[in-house]
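In this document, chain identifiers A, B and C correspond to the written order of the chains, with residue numbering beginning at 1 in each.
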Amino acid sequence: MSEEIEKQVAELEKQLKKLQKNQAKDQISIIAFSGDLDKMLAAMIIATGARAMDTEVKMFFTFWATAMLRDKKKCGTGKDFMSKMFGFMLPKGRNKAILSKMHMAGMGTAMLKRLMKKKNVASLDQLYEVAGIMGVKIMVCEMSMDLMGFKREEMIEYPDLDFCGVATFLANAKESAVQLFI
Amino acid sequence: MSEEIEKQVAELEKQLKKLQKNQAKDQISIIAFSGDLDKMLAAMIIATGARAMDTEVKMFFTFWATAMLRDKKKCGTGKDFMSKMFGFMLPKGRNKAILSKMHMAGMGTAMLKRLMKKKNVASLDQLYEVAGIMGVKIMVCEMSMDLMGFKREEMIEYPDLDFCGVATFLANAKESAVQLFI
Amino acid sequence: MSEEIEKQVAELEKQLKKLQKNQAKDQISIIAFSGDLDKMLAAMIIATGARAMDTEVKMFFTFWATAMLRDKKKCGTGKDFMSKMFGFMLPKGRNKAILSKMHMAGMGTAMLKRLMKKKNVASLDQLYEVAGIMGVKIMVCEMSMDLMGFKREEMIEYPDLDFCGVATFLANAKESAVQLFI
């Protein structure tokens, strides 16, 4: 009898380990897709807020959001004509981002920025700095970089910035307790 | 031998309890970010649909979506000039929401509203009422309220409405089986 | 003593089975809401990328995204006037989709499509074909179909396409490791 129980217990242990391995980690995966000021603010506030709770944060910057990561003082070389044109039309860095609503010739964006200052809400610049210090990991979509003609040397300095494909990101997202497409 | 097994079983029990505690609840967390009529409709249909399946629903209203919660008959007092301006430019309540596409001088929105009536699809007003009765919890982002200059007394009457920060919401989201940013 | 242990082990087995049953599957649920070219591209790239990792993918097409599934060569019959009008104003099929940003009289969309061709990024047409071959399941929101006045016979040929309500989708989403609202 005791031998049988031993077997059962061993089997339970095995199953339990498997469950533990597959359980979602205390980690948030954010797909930053939009280049709108408001959505980028939301993404960065969620990211830094989660780090303050000691939750791991991985952000995957793709499509319009990749333009947010360009350093306005840096330039990419060896671009073809189309890439140059496309890059020229996209906002260069996060300070050029505008709201998704209330365009009104830029007045909405200007008002919000003034309100944020007045109410002591962190700006995008400050949020990126805080995110870097707090250990928010930024992963940049290689396909978007290639498509939009951005070069790695154009990107901002950031403590934990990597370039990867959608597969790497999905592997991370599947392990996370929370996933958001912003 | 039997003593060793007892220890193993006790350890397994402990590990199992921990797994159970960390397992995602039958709960949906929705970040309602957008103030577009179409996205708000989607969020409310998902929320009420989930309640009909007895799933817990927590909605975190942030940024443009907070304007949806303003009662058109109420007024906030003691606002500064900028907040008054900003509040004036934002839609006052859910009936002022428009589609994210097909603006055409409001024609798209009017057509959709007529189509919804004709096809017996619940309006936003009805969806909010149903959500309240069914027990959808609404959490309003304090930072957005402050930023947009909205006062608590301006908000609609709703059975289960709270004000909180992003940390409270994230703690809820991490426990949920499903999270959506809408 | 041994009898007590047996009971404990049986109880543990029961609890473990329950945990295993409730654990999220290796499955991604995507709510395709937007009819923008860029967001649809992102959704399809994530979907096919996940299938390449052998993850189950279920896409729920709702609202504007349903218009993407219309076959431009097919016609629905028996529509009332409003549905005909609404259907006429919506893009007919995925090739009519435009970017959510950079409209510039269609120039942004045309440029992106040329860039995609040049950089060997799959077009929406190719992505749908690949998705079908790889086994991405498409579920179409019945309420959206009804609201927009689309008929089933208007939809594209696709290997695994079903029509369902929000409840069916939510049941799937709750089982999934990842959920995205795009």
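In this section, contacts are C-beta pairs under 8 Å (C-beta built on N, C-alpha and C of every residue); 3 or more make two chains touch, one makes a residue touch a chain.
All values derive from a computational prediction rather than experimental measurement.
Chains compared, subunit A against subunit B: the Cα-based superposition rotates one onto the other by 120 degrees, nearest 5. Comparing the residue numbers each copy contributes, subunit A and subunit C share less than half of them at their mutual interface. Here the CA centre of subunit A is 23 Å from the CA centre of subunit C. Each of residues 2, 5, 9, 12, 16, 19, 23-24, 179-181 in subunit B touches at least two other chains. Against subunit C, in their complex, subunit B makes its touches with residues 2, 5-6, 9, 12-13, 16, 19-20, 23-24, 26, 28, 38-39, 42, 45-46, 49-50, 52-53, 55, 101-102, 104, 108, 111-112, 114-116, 118-119, 121, 177-182. Residues 1-2, 5, 8-9, 12, 15-16, 19, 22-24, 31, 33, 35, 62-64, 82-83, 85-86, 89-90, 143, 146-149, 165-167, 170-171, 173-174, 176, 179-181 of subunit A are the ones that touch subunit C when the two sit in their complex.
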